[in-house]
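Next come two complexes built around chain A: one with chain B, the other with chain C.
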Partner chain A sequence: MTQTLRQIWPLFPGLALLTMLFALPLGLMLPQSILVDGELTTAIYREVLGTGYYWSVIGRSFWVSFVATATCILLGYPLAFYLVRVAPRKYKRCVFMIVIAPLFTSAVIRAMAWLVILGRRGLVNEALLAAGLIEEPLRLLYSQAAVIIGLVYIMIPFMVLTVAAVLENVSKTLEEAARDLGATPLGAFCRVTFPLTLPGVLAGSFLVFALCLSSYVTPAVLGGGRNKVMAMLIFEQFMRLFNWHLGAGISCVMLVITLVSIWAYTRAIARRAVGGEALL
Partner chain B sequence: MVAPSTAVRKPRIGSIGLLAVRVAAWLVLLLLLAPLVVLIGASFSNVDYVSFPPRGFSLQWYARFFADPVFVNSLILSGEIALLSSAMATVLGYPAAYVLIRKRFAGRRTAWTLLLSPLLVPQIILGVGLLQVFTAIGLATTFAGLLLAHTVSVVPYVVRTVGASLLGIDASVEEAAADLGASRLEVLTLVVAPMIKGGLLAGALFAFIMSWVNVEISIFLSVTGGYTLPVVLFNLLEYSITTVVVAAASIGIYVALALVLLVDWVVGIDSASKL
Partner chain C sequence: MAVTLAGRHALGGETPRCDDAIIKISGVSKSFGSIVAVDNVSLVIRRGEFISLLGPSGCGKSTLLRMIAGFEQQDAGTIEIDGSDAVDVPPNRRPVNMVFQSYALFPHLSVFDNVAFGLRRKRLPRSQVNATVAQFLHLVGLESLVGRYPAQLSGGQQQRVALARALVNKPKVLLLDEPLGALDLKLRKRMQVELKQLQRDVGISFIYVTHDQDEALALSDRIAVMNRGALLQHGSCRELYDRPLTEFVANFLGEANIIRGRVVESGPMVVVDVAGHRISVRGDGYAAATGDGVLLALRPEHLTVADAGDGRGNQLLARVKDKVFLGNAFTLHVSVAPDISLLARGTDRELFDRLSVGQSVVLAWRPEDGRLVMP
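Coming up: the complex of A and B.
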């Protein structure tokens, strides 16, 4: 025992910090949501899951995250394929930089860019007005579509990088073999390469879905008050209405959904890897 | 007359399909880049309402930014927090990653999961939880509270990056050093650290960046009236977006581009794909 302790003590400072300032604050959510005025109750959950308003917010969160994830697959897959298989060596670095640069920019700034593009005097409206297609600026912002566009923009790099990592490990020779055996280029891709990259697509989807579902900044900036999602509800309950019980209840619901999604992500990305190492 | 040879080598991927992939990929790359370019373009406008294409050309909004103590202080606060939290995350995360990679012991998987988990749980919930804990122990609205919160959220980047590079080096060197009488601390600082310099640097850089861009935790943790730059921008957006706010955001983009070049120069940009 003391032998082991002597071996592993360098782990403790980090572990202590994470226990006190990660496990504890998250762990406090559950008791806050089931202990109201000193009594054990499921009232909060009955309220969250039994009120039409909360359901509509949860439903919207799911729908928006689902559409954004599907769009990310459609836009991210070709780029990942290009990055790994098609791009000439000298372009690769440049492509990587373009994919990574948005990740190094705050979500607020990335949402703000869409305010400029979709705003009343923004790029889209100015272009449509100049082309004479519309007479008055369209109201594009503060809509569900604007939230989805903003989320897709934030999430594309995650999808591209996850799919690309899997595609890296799919041997090109398999596709060549299929071609030599008479498959058309499209057939070889659809029946050989694509199925082999499916774990990457799945992993990327679960990751993106979890990140979409829990994002706060993008929907808050682009969605406005009428397009509330779960994260905005949590913020509102804790910071504006001071209903910590309800806030904690919604937090627990969100935690469960994202953890299931993340668990599916780790399963998809590395079936054989053990525990946390899957995340290396 | 010779019949055209049927033995021509088939192209590996159909040329039409290849063209389609190229076009689709470059359109998506354009989509990734365009919003940043639009924002920078709009920051040079000479009217205060936001417009793109920009009206005229001026640098006045950048001058406003640097003349406004709220902006300048938030820029400094963001920089300080990112620098200190990435340093703390490295000091805490590197030894932890070392033990987790090299030693086998009960509870190892739980420790792994705990150290990487801040990546996986919704930041907004962590932020609100930290606010509650800090309020209870008197750290709310303090610099130390914000710093600790950021450290917790960026430790995983160090653990993951350093862990990956530890897997790539031979443990026998450390054993030899220990046999020759080096203490655990000496092994970590004098033997292993120089061997995984790249991984340590990459981990610290990623931690710095992730602290620098963070909004969803910082939003709950002001420092006696001051906020980090992304939170200041977020709060301003609640009212209306003006060109000075766009200029402030553009400064964030310039920093991001500089960080991309720095990462590429120090560890190669493709290593950031493991973020």
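Coming up: the complex of A and C.
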């Protein structure tokens, strides 16, 4: 008995933290979704799952997260490739700093910066007007596109770092072997390098997707009132409308959806057996 | 490994050991920044031969191999592969294939897909790919492992997959970059035998890079010795061992005593003064004028302890410093002068027992066993 205790006691601080900061608040909040005025009821869930408005918010959250993640892959992978394979050694650290620098600033400030860039009298519009390409400023802000742009900007460092970490472990000799065997440089990349970095791409995608799905600041600042995402909805219910029951209900739905996504993701990468061994 | 005929049939049955050249390296140089990696190397690789590029780490042998493969571009000189200049030909279009030191097997592909990789790049019909892959896996003895992945294979098995993967493309020359370095000694010795047999079976030229002189001697028809980017000497194993041109070659291939002397008489037989003794050595085209300082190379096994008056040719008076019993042989450390120490090797047990440390002995060897070498 003491042997087991000795083995598991290092877990206690972590468990305590997890309980206090995660399990306990969840445990206190979630019952609110089925307990109204002391009575068990499914009214909350019937409202959440039955109202088209809430589904549209959930749908928008997923769509925005999906597009942002896909864009992060398209833009982040080349950046990671440049960082690891192309950049001359003396510039690598500099490029690396540039990539992660945004992480050091608050999300609020980063989102606000896009207000300056995308606004009616922002950088983009001023440039286009000056170049004579448009006659009137474009309405770029307070749209789904603006939210996606903001999210991509904030999430790209995560994608770049995860892909770069995996790419560094792919030996350049493998590319040489592929070329020696008759592949063009592009062929070597498509058939050897890229498949080997797929775990990194998947890990980065998952991280970015999860962060986008739960993001609050960027959609709040750049989306305007009309483009609500789940996090905004929950905040609104709790903090402005003081409807804790509905907030709890939406939170629970969001939690379940997220857990299902995690499960699907882990199934997907577990099946991707590299070298006959599961990655996890 | 498999039947001899299988290999020859696999590669179309070319007659080996023709003397025409398959690769001509002329005046090739390559520098990385201020470091000269390859310095004006010229070498002809013949069809069907097993040739080793032998030298210490950093001598340029791997760089030269990579230039033949197309991964590096030479700064000067030409490389001709089968008659045509390879200067603008990228690695994927050169008729050569390489076995890398780390094998570089694709971890995400099975053994079959690894071996089939080159054939699939050529867009050959599936039936042909399957048949050829099976043929070469049989050649290296790995038919039973087709579905495995590289991580599930032993070092020796990975090595064979790398060989099959390269040979399946029917290259004109196979390049091997220290392929046995990662294996343990026993496995290495076994793979050496198999490798040599494989080369005989398939009949194409193998260019083998190694720093291990025993390996080079065991495998090669010819050896090219390199040091600090320069090609010092190339020729058959016997030629390099019996007639080294430089001190480095004499020392690198086997052991050698290097003795300093001064020429007293030049001619077809050169007479050299070594610590007061007159030593004859064959001129063999070495330009030695009277008064020149020269280096004499002598293999330990050519030195014997003579009884006085034994007319064996060259003789040196020496004092025994140490005698070491090695089981089937012994070595003798002797001192001729304060700055001249020699190593002798022999198998005569009775002689070994007779000798004692501090004893004066007469060392003798035949004049034709010594060689003048360049520093």
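Please note the rule applied: the second predicted complex is superposed on the first by the 237 of 280 C-alpha atoms of A that agree within 3 Å, B and C clash if a C-alpha of one lies under 4 Å from a C-alpha of the other, contacts with A are read in each partner's own complex, and residues count from 1 in each chain.
Keep this in mind: a residue touches a chain if its C-beta (ideal position, glycine included) is under 8 Å from a C-beta of that chain, and two chains touch if they have at least 3 such contacts.
If you're wondering where the values come from, they're calculated on a predicted model, not measured in any experiment.
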For this session: Report for A:196: first if it touches chain B alone, second if chain C alone, otherwise both or neither.
Result: second
For this session: Would you mind checking which one, chain B or chain C, touches more residues on chain A?
Result: B
Exercise. First (chain B), second (chain C), both or neither: which does A:221 touch?
Worked result: first
Problem set entry | First, second, both or neither for A:115, with chain B first and chain C second | first
Exercise. Once the shared chain is lined up, is A:86 touching chain B (first), chain C (second), both, or neither of them?
Worked result: first
Exercise. Thinking of the overlay built on chain A, is A:235 touched by chain B (first), by chain C (second), by both, or by neither?
Worked result: first
For this session: Examine A:56 and indicate which partner it touches, taking first as chain B and second as chain C; both and neither are also allowed.
Result: neither
For this session: Go through the superposed model and pick first if A:177 touches only chain B, second if only chain C, both, or neither.
Result: second
Problem set entry | Footprint overlap on chain A, comparing chain B with chain C | 176, 179, 184, 274-277
Exercise. Which residues of chain C touch chain A in their complex?
Worked result: 69, 71, 90-93, 97-98, 100, 102, 104-108, 117-118, 121-122, 148-152, 165-166, 169
Exercise. Can you name the residues of chain A that touch chain C in the complex?
Worked result: 171, 173-174, 176-184, 187, 191-192, 195-196, 274-277
Seminar exercise, completed: Interface with chain A, chain B side, in the complex: residues 10-14, 17-18, 20-22, 24-26, 28-29, 31-36, 38-39, 42, 49-53, 92-93, 95-96, 98-100, 103, 105, 108-109, 111-126, 128-133, 148-149, 151-152, 155, 159-160, 163-164, 167, 184, 188, 209, 212-216, 219-220, 229-231, 233-234, 237, 241, 245-246, 249, 252-253, 256-257, 259-260, 263-264, 269-270, 272-275
Exercise. Which chain A residues qualify as touching chain B in the complex?
Worked result: 4, 7-11, 13-15, 17-26, 28-29, 75-76, 78-79, 81-83, 85-87, 92-93, 95-117, 119, 121-123, 126, 153, 156-157, 161, 164-165, 172, 175-176, 179, 184-186, 189, 210, 213-217, 220-221, 231, 234-235, 238-239, 244, 247, 251, 254-255, 258-259, 262, 274-277, 279-280
